[in-house]
Each structure stands twice: as structure tokens, then as C-alpha cells.
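Following: one structure in C-alpha cells, then a few remarks.
When the chains are written out, they are named A, B, C, D and E in that same order, and each has its own residue count from 1.
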Amino acid sequence: MGNITLNKVSKSFGTTTIIPELDLEIEDGEFVVFVGPSGCGKSTLLRLIAGLEDTSAGKISIDGRDVTGEAPAKRRLAMVFQSYALYPHMTVYKNIAFPLKMAGEDAAVIDKKVKDAARVLNLTNYLERRPGQLSGGQRQRVAIGRAIVRQPSAFLFDEPLSNLDAALRGTMRLEISELHHQLKTTMIYVTHDQVEAMTMADKIVVLNAGNIEQVGSPMELYKTPKNLFVAGFIGSPRMNLINGAAAARHGATTIGVRPEHLGISTTAGEWKATVGVAEHLGSDTFLHVQAGDVGTLTVRADGELGVRHGETVYLTPSPNKIHRFGADGRAM
Amino acid sequence: MGNITLNKVSKSFGTTTIIPELDLEIEDGEFVVFVGPSGCGKSTLLRLIAGLEDTSAGKISIDGRDVTGEAPAKRRLAMVFQSYALYPHMTVYKNIAFPLKMAGEDAAVIDKKVKDAARVLNLTNYLERRPGQLSGGQRQRVAIGRAIVRQPSAFLFDEPLSNLDAALRGTMRLEISELHHQLKTTMIYVTHDQVEAMTMADKIVVLNAGNIEQVGSPMELYKTPKNLFVAGFIGSPRMNLINGAAAARHGATTIGVRPEHLGISTTAGEWKATVGVAEHLGSDTFLHVQAGDVGTLTVRADGELGVRHGETVYLTPSPNKIHRFGADGRAM
Amino acid sequence: ETITIATVNNGDMVRMQKLTDDFTAKNPDIQLEWVTLEENVLRERVTTDIATKGGQYDVMTIGTYEVPIWAKQQWLLPLDGLGADYDAADIIPAIAGGLSADGKLYAAPFYGESSFVMYRKDLMEKAGLTMPDAPTWEFIADAARKMTDRAADINGICLRGKAGWGENMAFLTAMSNSFGARWFDEKWQPQFDQPEWKNTLQFYVDLMKEAGPSGASSNGFNENLALFQQGKCGMWIDATVAASFVSNPKDSTVADKVGYALAPDTGLGKRGNWLWAWSLGIPAGTQKAEAAQKFVSWATGKGYLDLVASKEGWANVPPGTRTSLYNNPEYQKAAPFAKMTLDSINSADPTKPTVKPVPYVGVQFVAIPEFQGLGTTVGQLFSAALAGQSSVDDALAGAQTASVREMTRAGYIK
Amino acid sequence: MATRQTSTLARFMMAPSVILLFIWMIVPLAMTLWFSFQNYNLLNPANVSFAGLFNYKFFYTDPAFFQSIWNTLVLVVGVLLITVIGGIALALLLDQPMFGQGIVRILVISPFFVMPPVAALVWKNMIMHPGYGVFADFAKFFGAQPVDWFAQFPLFSIIIIVAWQWLPFATLILLTALQSLDGEQKEAAEMDGAGIVSRFIYLTIPHISRAVTVVILIQTIFLLGVYAEILVTTNGGPGYASTNLPFLIYRTALLGYDVGGASAGGIIAVILANIVAFFLMRAVGKNLDK
Amino acid sequence: MARAVSTRRKIGFTVAAWVVALLIFFPILYTIITSFKSETEAIAGFSLVPSGTLESYAEVQAQSNYFKFFLNSVIIAVGSTILALVVAVPAAWSMAFSPTKRTKDILMWMLSTKMMPAVAVLVPIYLIFRDTYLLDTRIGLTVMLMLINLPIVVWMLYTYFREIPGEILEAARMDGATLWGEIVYVLTPMAVPGIASTMLLNIILAWNEAFWTIRLTTTNAAPLTAFIASFSSPQGLFWAKLSAASTLAIAPILIMGWFSQRQLVRGLTFGAVK
């Protein structure tokens, strides 16, 4: 169980409104990712749900029960903090056992649950260590372990991987997805990482200055962004946005073409461009080109492509992959 | 000028040898990147060059001059630290001016140089701020500014971007490359980020437990890794390494195929596989597939590919893109 | 020339500081620097300094306890240059005796005191008794019990109880003299195991228990003074200088009801009063002996008494040093306790303080270097008896052990 | 940071402090040691002679010796208990939202600025005096018999005075430590269902343990040397009830002027202090490394 | 935790905290009040309302020159603090940034030098001071207090310095700074909060040191502790006067403490944070 509904929820700190009236429905078992620029209110929203902040107005219900005024401990949610917030003086075992101990469980029950969780998370060998003696990824897993032992109605993750290095992030990403598959518990996950958002989410909520810009599956957002903000925010490298004559030709104020949807040729194409910096990743090459009045474009090309700085290339956007936006920034 | 030579340099802390005997030649104007797993000695090597640590044995020369016993201040190198190490109590202006002041330059000269550097780095408007009032990217640029005013013989960067978020990293990466183009000064750059290493380096040095595994251009390492370690380390997602029968068929103990070099088809191909987790990034899809006795493989497929969990697919490695390794782990 | 003077911070000394303009006017080439400290700190300071020949002071304020000891060590200059008009013969003989060695004066008394009984005439009357001029301890005890009215917050008698050689031991040693006790016999054997001491202490503890104020074991001069001034004591046996405080209407609520009597005795020939003088001495090491003598002469001379009298009235003149003062009718008028004070002083003899013979000088102290420490230790034990934390016998036994120990160590007991 | 150059330099930079402190330690210590083997009474300087171990024996056989050691420990432990427990309670209270927090904090830390003799005088005369003290006034107001603090509870009274002086110090350190407790940790515990008490036991206490260590260490050093308060209030009595080691030495040194005996006492005190310090470091020292 | 705190709870805490704070402050408050009473008032029982007479202050001032004592206190406290910092900063620098196995032991040893009871070494020290002509000199006392407090200063600075990332000093070194430049331009300014609070604590400790300051001075160098010693327990009534003197003696440091309270709070942690 873990159906979470936000009804006209808003939040202000003093006179600054961080979140204007907002409605959101999260279904049981869903993996929802909140994305948005820094400071847009992602953490605040999560903390409202957790009960760590009071709402200024509106109603939050979990499984139909109004929890707006309830203390965090009562909401049966588990949270994994960005900083992990492990208890530094307790061993891994005690960290994981802590919520159970607080719930007054039997020592035997606790032991079993902790050991189970540790097995799932590959922490069995580290149970006697202190958090200070663990690597970042291991700490992360302890934080998750502490969350899962309680079988909460939902998990809340606040940028849990942002402190890890790239390799570890990849691994942890998979582990969390795996966990979601196993437990089938609702998860709400805040991140600013494209890859995490795209690969993990059932549903992405794009926030901007406290407003929900769009809600949808990753592919929906990728393929049909509702407005310029979402278009620019989802996808990496970011979508090329073109104004002026080139856009007008497609009957729009702005058109957007993703770097991976620009065909490249040394002979002919819609836009003529000069190659600037070429970033060779081996698997791909990102070309930053100067396309006259169309502006600077980023193109993703094959890793083997052998173009050089200053060469001329021709670009053609895949016709059915062009996104068109009106003067108000909304998709047409 | 900025020719740096390491001759049989080694370093131990107490009884643990971090860097066994090592030779390295860095040419003037080169952009050299050190990569390697965490704890392999990258920072230590950089600090040896900087003079912040003593060598246990061996000789370091800069431009032919033996500097092994010299104090850091005398080596005419500039270092950008992972944490930036800005002087928090000084304004941006003073931070940048500090090395000049230490060198006893004229106030007028200092002023000119600082302003020039600030212009190049787009910091003109922030000169009066303290580091605490700057965003991560701006701080980064101040650290670089402090390094470039002195016109050192070489720059040393220790994971300078690892603290930044993805978007900023991209921007800063371009800026540093740009700077190298302009200044043409030797740069030594430590990173654990694939993309940075591949896109910025003239030459990559792959370190493992203090040993140099391979030195070469990014494309060289990508295309012809000398051994299993380099093969696994360079490229993202990492190369699929296959042992056993499938490898023997190619006359090797191990063969390696990069995810982007696996053709995928729903009808026919060399290896039959079942789709596991599919990570949709929009632009690409990473499929984690189970290919019988070949093992688990990662495949990079087109973003639009519509395969589902549990479906069967057929994979074919591009024949000329197969890397073959012998029993000793070396490339054949 | 600047001379540095160490003084204790009592009222008379402070007053002298204020009046030094007179001295500097007469001796324009001498400047005075004052170091004013409370009694215990002062004693530590000057003793350390003189014993290590620190040379920090040119004039020191010292008590009758130090003078004989220091004189013996030849740390003090004999005062033979005090001037023609000084009139050393005028100094009360009992006082002068305590400050002299081999017939030479080693310190000039600034003021002197003994102790006597101060009592409330009104309460005495209420109890139906009349205080004789020379009461016995028996009478005192009886009166104290009769005057005590705990409901009205009136204690029959207030006595010192706070531990310390100059606190409770000053009183108790003087008292013990009148009971025929002594600190040491002629062979320096401590005498706390003798019945005289037992009588003294038992009497004191019983009396205080029945008629003394609460918290007596931490009461010293000041505490008792405050109690008496507020009308909470029927009798108080303490320094004669207290008389000027308790009879001063500005501070005292009972100023007009105070009577005075000699310290009590038991008929053995010694009274329970002490003798003390704060005196000015000049350390042997000083470079400025001449100026220092000039100052001492000024401060302890007759002229100074007249000066104070003219500026602040006769009541504020430092008492107890000169016979001429007590013959002065103006002083007698201003200080109704004058005669009693003089009688008290004269009835103490520091050279023969006790009923039985002793090898030491000093009425309420034993003028040997070891006494301060030993006295304080014994004082602690006695105050514990007063506080009810140990029995009188235990306290005496403890005192005896401590004394034997200390005296043996110091080589008095062979 | 570990080049030969810098570590040589480091040794140079340490030198002034180390040398100064070494001289400061060794010269008086050596002189004290020397005196402790002498029969030396300050008032009888002509009579100095070699005493062997006699001074030690004499000091050690002082009837007050064992009680004074016991009192020293009681004083240190008592003050530590009050200041640490009181400090934690106060710090918790001051950490709550309230009106006029700044002023409250100022009031609470003020005793730290009061000179020890002044503090003792004020407490003795105006607060605890059985006749005029504020406590007595209150007792009388409620019709009770005023307590004669310094006679009935001498050591305890001194503990109170000293604790009053050191409570602000403990409070300040603990308060800062409290405020440095990671907010997210508290929130995590709250999400884990921990109530106020559990959070205090499982989070707060372990978190401030290092600060408590600092408090204990620094205060112990100062408390081992307390004597001014005793001198002003009880003079070590009644009996030996409030005589601690420093006071005993004081008695020997500045009342008896027995330099030899006091030196022996000083040496004994140093040895005892170092034993205490050793156990202290063993018990709490590892907290410092965290 | 940014949930609304109900006003009622806040008022509750406010009341509790004020009660406790006033109780703790009471002895000081009562001293100040008493200083404005006459002597008879002072012993006349509990009263928070003084008659407001300044007579005690007048007497105190008449008896001794407060300002001279005050000046000595300032010179000695501040002087010894500065001296201690000058010696301690380099030492703390070495311990924090170039630690060896023995660093902890050295620190502990330094602290242990404070364990010698002052009374026991009075005679030796007095002799030393006498022979070096330092008795009753400000410089002698300043050096003395510097030595007494040096261990604490070193320890505090050490804990502050340890929190400064070594990389910043390394950066300075790379920037061509000499050791001097490193300490003067980078380390010291960065450690200003720590140094400030160390200074404050040390000034307080030096200001309140009441053994040596009395025993080693006579007139020229006597600070406020000696001033107080001339007012405690003379004959006669003295509580109002003592209160006035006490108020005068603690007022400067109290006021300084109040103003620098924030600094002190930050500083007194000895790096207890983290």
C-alpha cells in the first residue's frame, strides 16, 4: 500500500512562496522521480510528504488517510537522505536495527530482519563496522537498509546518489531499480541526474519554481515535452532550440531538435555549419558546430566520425523528430 | 616551457609502497590526463610532481632542471585542487592576485594581470566577492585564475570538476579545453570521469596500483587497449568481457566487445540472449541481456528500440571491433 | 624618594592613607606607595618577601606575632631613629613589650587592642542580672543562657568559631589561659591532653550550643560584629576595637545599649583576653631606612593622633598604643569604652601569658614560626567540635597528635 | 604536507613553545624536588639541612592527608557531575526556540567571568551565610531553620560554588556541540519512529560525547588545583572536611612556611594528578580522536 | 525540522530558560544590587531594591586608585594573550599540519604542566623572580601568565587549525608563498574566529588569575585581583563596599564577555564540532 495524494498543497517560508498550490497523485507501487533545477522545491516537496515540514495549506493523504497534521513517525514512510544521515556512533547492524528497536520489536525479529536486509544489500560482511569505516556506496546501502527493514508504505529518496562517483552511481542505480522490482513499494526519488531520472522512473514529475511543468513516463517526456522548459530539461546533451527564420519555416516560434536527431553529412543537408570543438568519447562524438543564423548546435555523431575543427558539415534534422513550440513556449 | 620528466620515481608511506618505480615523460604543451581507480596513486603522483610530497627515490626534472629537492614554491607549477582551496577570507581579486603578490610584483602589474585573467574567465563582475558568495563553477574559475596569472610552466589539476553537478561539469570541461588551446601550456589533469578523460586529453595515462598500465591518445586507448585492465577501464558503459568458449572461438582467452559494437536484431545473430533490465535514456537504450553461457552483456541500442523485459534478441559483434586478450590479460 | 608601604585593609589603616597629605607636606621629598591587602594575604606576602629578601617593601604592617620571630632573625631594623619628639616611653608597656627584643623596639604600634566583653545592658537587665566589671566565666555562662531567646532571634553569646589561628584560636587560646591551660609545657610538650584544655573546650562548645548563634563555626569577627549590631547577641567577647563599631549609631542598632566588661576569668589569675597590635616595621634590607623611619614616626607618633582627632574626631583615633591618649579627657568623653580598653590591655602580659610557666611569648598565639600552620590545624579540629562533627575529646586528641608531630618535626621536642 | 622540508620546519616552529614550557616545567620542578629533600622553613632560613625523605613521610603521615586526597577527588568528581549533567540540561534548554535567547545566554555564561575569590566571597557572605545569606532569608521566610552550609555541608558548599563557576563553560561547549548535530540525522531518527527521549539517548548523547570529554579534561586540570574558594570560605574545616590537597599544601607552605614539606606535597600532588590524567586519558582519550 | 513551533511551547521554554538563567545569574545580580546599598541595608535581609546610594563606590575609589589596577589588568591580560599567541600559533601550525606520532603526547604533556599546584612552587618562583628583577613588573607577570596559559592556547589553536583544510596551505605553497607568507596571509586570517575565541578565553583566564598576580606584585604591576584582595574581609561592615569593589573588578571582563559572547560560543568548542 502506498497511494499518496497531494491536494492543493502549498508551502511558504515566511513571505516567500516556495510551492504554489500543487496537486499530485502517486499510485501504489509507482517509482516517481522528481526532477527540476536546483532550488525549485524538490526537497521541500519531499519533506512535506515526509512530514518534516508543515504544509502552509492543502491536504496530504496516504492511502486515503489524511496525514496532514501527523508526525513523521506516524506516516509509515521511510526516507533516505542525501547525506545518508547515518548514526555515526552505531554499527551498521545497529543503524539498520534502529527503526525496529524504536518500534519495540523483539530482538529475535530484529535480528532476522536486519540480516535479511543486509543480505539483500550485500552488507553481511560489514555489519559490525561503523559508518565512518565504509565507502560511499556502502553507506548508501546502509541508509537504504535502514529504510527497507520497516516495510514502509513508501520510500522517499532525496538525491541519494549525488555524493557518489560515477562508477558507483551506475551500480547503485541498478540496485535501487532492482529493489523496486522486488519490493514493489511506492518510491519517490529526487534527483538532478538525467540518467537516473530516465532509467529508473515509472513517472517523472518535472518541477520548476514549485510548479509542476509536466508529469509523465520518461519516454513521454523525451518524445513529447509539453513546453520549452521540459524540452530543455530532459535529454542529454540538451535539445538544440532554434528561433527565428529556421523555426518560422516549420510554422513555430521555436523549434527543438535533439543532438541525436541531427543527421550529419559532409556533402549536403538542410543547414550548413562549421565544426567547432569535437568531443570524442570513443562510443560517440559530440560536435559543437556553428550553423550561421541557426546558431550553435550540438550534434551527436558516431564515435568513428573523423571531422576536424573548422571543417564544414551539413546537418539535417529527422523530420518527425522536430519539436515545435509556440510563442508562449508550449508545444504545438 | 613545461617539459616534465619522471625518472624511476617511487613513493612509499612508511612501509606501504604506493608508487613502485615509474618513468614518465610529459612534453611541453601537452594535455595529459591521469586516470585510474580510486586509491591507485593519481593524487600522490601529482603531488610528487608539485613538490608537496617527497619522492622516496628517483628524480623529477622540469625543463631539464632537476627539481627533486626543490620546494613547491620554486617549481613554477600551478595547481588547481579538487576542493579549489581558495582563500576564503580574500576577495576573488585578492585570491587571483595572491601568487603575484608573493612573487613581489608591482601593484600596477598585478592589477593588469588579474583583470586580464578575470576577463578571460568571465569573472570581471565578481572580483569583489568572497569565495563563499560564488557558485561552484565560479569558484572553479577563480582557482584556475589563480593558477594562470603566474604563467607557470605547467598546470596540475586534481579532479577539479568532481564537486560540480553534471551541467556545470559540461560547461567547465569546455572552458578548460578552450584555455588549453589558448595558453598552450602543459597541463596534467587527474580525473575519474570517463568523459573528461576522453574529450580533454592529448594523452591519457592509465594508472593501476601505482603502475602505468598504458599511455596513449584517447582513441588509441579506446581502440587498442593493451590489456584487460585498460579495456575495462576506458569506455562507458564498460566493455563486455567474455571468457570461455565464445572467446576460444576467436582464439583468445578473453574477448572484449564494447556495448556500442554489438549489433542487435530480433531475428538472427551470433548470440541468442534474453532481455533483462532496459535502461531508456531517450537518446539511447542500454539493454542488459542474459546471453546464455556467454554471460551478461550490456548492449547499447537505439533510443527508439522497443524491446521488453524477457524478450529474446540476437546479438552480433562487429567483427573488426573485437578485442582479443591472452591468458596473461595482454592484448593479442 | 618613594617608599612602599604594605598595610592591612582595616579602617584605621585606610584612614591613614587618606591623611598622608599631612606627611608629604612635611616631607616633600618622600612619596608613598601603598599596597593594601586583606590580613591573610598581607601576612603571606610580606613574610614571603622578607624571608626571601625580595626587597619589595620599605615599611610593613605586621602583628605582634611576627615581630619577635622576625626580630630574632634580624630581619627588622631596630627603630632607633624615630626622632626626638617621638616619646617611646608613652607607648603602653604591655604593647611595647610584645614589640621589643633585647630592649629595642622593632616595630612601632599603630594601634593596639585587647579583647573584652561587650554586652547589651537592656537584655542583661531583662534577665535580672548585673554585669560586674570583672565577670567570671561562670557568670557569663549563666547570663548567656538566661538572655537567650531563640524565638526573638536573640543569642546569649556570640563567639568566634571560624577555623584559623587568628580566628577561633585567638579567642580559644586566650580563653584557655584563663582556665589555666597552656599550649606547651616548658619542654615544648603539647598540653592538649591536659584537663585544663578539656575544660576550656567543653565549656566553649556547651556554651555555644546552648546560647550561641547558628552557623557559629563559620563566624569570625565580621560576622559576629554584624550579628551584634543587629541586636542578635546578648554578649560578645572580641577585640576592643569592636567597641567603636558597636557604639556607632550609624551602623549599629544597639549603639546606646552597649556595656563593657573585662574578659572573664576563673579566678586562677589570668583573664581570657588577648593582646594584639598592628605595627609598622622596617625590613632590614631596605635602601630607604631613613625615609621609612620618618614615616613610621609620623604614623605612630602623638601628632598623628591629634591629626585624626582634628579631622575626624577623637572617636576615630587609632586606640591602644599610647598612655597619653587614655589620659586625655576629650578621648575619654568620645570613647566611653576607653578605660575598659586600657584595663584590658594592661591585664594581658605577652611575656607571661599563662598560669603555669611556658617557654614562649604571646597571649593568644605562640610566637614561633610553626604556629600559624599548627594553629590553623588545631582551629579546624576545634571548629569541627563546635559544628558537632566531632566530639571534644576527639578534637583534643587530634590537636595533641598534630602538635606533637609538628613540634617534633620542627625540633622542639628532642 | 609531509615533505622533509616542512617537517624540519615544523620542528623549528614547535621549538619555542616546547622549550618555554619545558623550562617552565623543569626549573620549578627541579627546585621543588630539591627543596623537598631539605629541611627548610622560610622563617628559619639559617637552619637549612638535608632531610632525605623525611618531608615526604611527614606530609604523607599528616592526619589530613588521606582525607585531603579523598576530598580532592570528591570535589573534582562532584563538580564534574554537576557541570556535565547541568550543562547538558542547560544546553538542551538553551537550544530550544524562545524569546530573548541572546540575553538568556549572556546571563547563563556570566559566572565564568567572575574571579574565583570574588565568587567565593559573594557566595559565602551574601548567598550561603546562615545569618544574612539569601538562602537563610528564604528559609526564614518559609519558617524553616536556615542551613549552616559551611558547617554542615562544607565540601558540598564548595562544590556548589565551584560548579557555579564552571557550569557556564560546560554549557557553552555542550551547546555548541548540540547545535552541530546534523539536522538530517535528527530527522532520520524521527522518520525511524524515535521519540524525544530515544533521540536524546541514541543521537544526542553519543554526538556530544566528544564535547563532554573536552569539558572533563579541561575542567579536571583546573579543578585539581582549586584552593582559593576553600581559603575564603571554610579554611579547610570544620575538621578536615573541606581540606583538599592544594589546600593542604597551602597550609604547609603559606601558614607553616615549611618550604620543604610543601615541596614534598607539591611533588606528591603532581604524581597524583598525573595518575588521574593517565586514567582520564585511558577512559575518555579515545573520544578525542574521532 | 522547520515545523512550526507552537507559541505556547515557545513561551514555556522562554519562561523555563529565563527562570534558570536568572537563578544562575542571581549571585552576580545580587552583588550589583548590594553595591548600591548602604552597609546597614546590605545586612538587613533580602531585598532587591537598593536605596541607590553610591557611597560604596565613592569609598572604594577613595581607598584605592581603581584605574591603575584596571590598566594593569588590561595590560597583563592582553599582553600575555598576545605573547601566548605569538608562541602558540607556530606550534599549533606544526601540530596540525605536520603531525607526528608524538603530537598527541606532546599536547598532553603541555597540558600536564598545568598540574603543578601553584602554592608548592611559590618559593622557587619568587626566588627566580627576585633574582631576575621581575618582581612587581608587568613584563614578569605577563610572561608568567603566558606560560600558565600557553598549553590551553596551543591546544585550542591546534583544534581550530586542524579544521582548516591542508589543501589551502598547499595552494599557498604552490602560489609561491614562503612559510611566513603562508602563516601570515593565509593561515592566520582563516583561523580568525578560532584565534579570536582563544584570545577571549585566555584573556578571561588571565584576568581572573588570582594567585600569582597577587603574590608577585606590589604596586606597579598590581591588577584588579590585588584590588579585590584589599577589600575582602577587613574589620567592620564591608559587604556593600565589597560588592562595589567586586562589581568594579568583574564589570570590564563581564561586559567584554557579553559583547563577544558569540565569538566565545563558537570558539569554546575546541573543535568539538566535527
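The rule we apply is simple: a contact is a pair of C-beta atoms (placed from the backbone, for glycine too) under 8 Å apart; a residue touches a chain by one contact, two chains touch by 3 or more.
All of these numbers come straight from a predicted model, not from anything done at the bench.
Student: If each step moves to a chain the current one touches, what is the fewest number of steps from subunit A to subunit D?
Tutor: 1
Student: Which chain's C-alpha centroid is most distant from that of subunit A?
Tutor: Relative to subunit A, the chain with the farthest C-alpha centre is C.
Student: Considering B-E alongside C-D, which chain pair is linked by more C-beta pairs in contact?
Tutor: Counting C-beta pairs in contact for C-D and B-E gives the edge to C-D.
Student: Return the distance between the CA-based centres of subunit B and subunit E, expressed in whole Å.
Tutor: 53
Student: When the centre of a chain is set as the mean of its C-alpha atoms, what distance in Å lies between subunit C and subunit E?
Tutor: Computed value for the inter-centroid distance: 39 Å.
Student: If you average the CA atoms of subunit A and of subunit B, how far apart do the two points sit, in angstrom?
Tutor: Chain centres of subunit A and subunit B, defined by C-alpha means, are spaced 26 Å apart.
Student: Centroid from C-alpha atoms only, then distance subunit A to subunit C, rounded to Å. What do you get?
Tutor: So the centre of subunit A lies 90 Å away from the centre of subunit C.
Student: Would you give the residues of subunit E that are in contact with at least 2 other chains, written as numbers and ranges?
Tutor: Expected reply: 1, 43, 122-123, 127, 170, 229, 232-233.
Student: Can you pull out the residues of subunit A that are in contact with at least two other chains?
Tutor: 52
Student: Do you know which subunit D residues sit against two or more other chains?
Tutor: 1-2, 42, 132, 187, 254
Student: So in the complex, the part of subunit B that touches subunit E is made up of which residues?
Tutor: Those in contact with subunit E are residues 50, 52, 71-73, 77-79, 81-83, 85-90, 98-99, 101-103, 146, 150.
Student: For a test of understanding, state which residues of subunit D touch subunit E in their complex under the given definition.
Tutor: Residues 1-2, 6-7, 9-11, 13-14, 16-18, 20-21, 24-25, 27-29, 31-32, 35, 42, 90, 93-94, 96-119, 121-123, 125-127, 132, 134, 137-138, 141, 164, 167-169, 172-173, 175-177, 180, 183, 186-187, 208, 210-211, 214, 217-218, 221-222, 224-225, 227-228, 232, 245-246, 249-250, 253-254, 259, 262-263, 265-267, 269-270, 273-274, 277, 281.
Student: Can you tell me which positions in subunit C touch subunit D when the two form their complex?
Tutor: Answer in residue numbers: 40, 44, 47-48, 51-52, 69, 73, 162-165, 167, 213-218, 223, 226-227, 232, 369-370, 372-377, 379-381, 383-387, 389-390, 395, 398, 401-402, 405-406, 409-410.
Student: Which of the residues in subunit E come into contact with subunit B in the complex?
Tutor: 165, 167-168, 170-178, 181, 185-186, 189-190, 192
Student: For the complex, which residues does subunit B have touching subunit A?
Tutor: Residue positions touching the partner: 38, 162, 165-166, 170, 174, 177-178, 192-195, 198-199, 218-219, 222-223, 234-237, 258-260, 277, 279-284, 286, 288, 300, 303.
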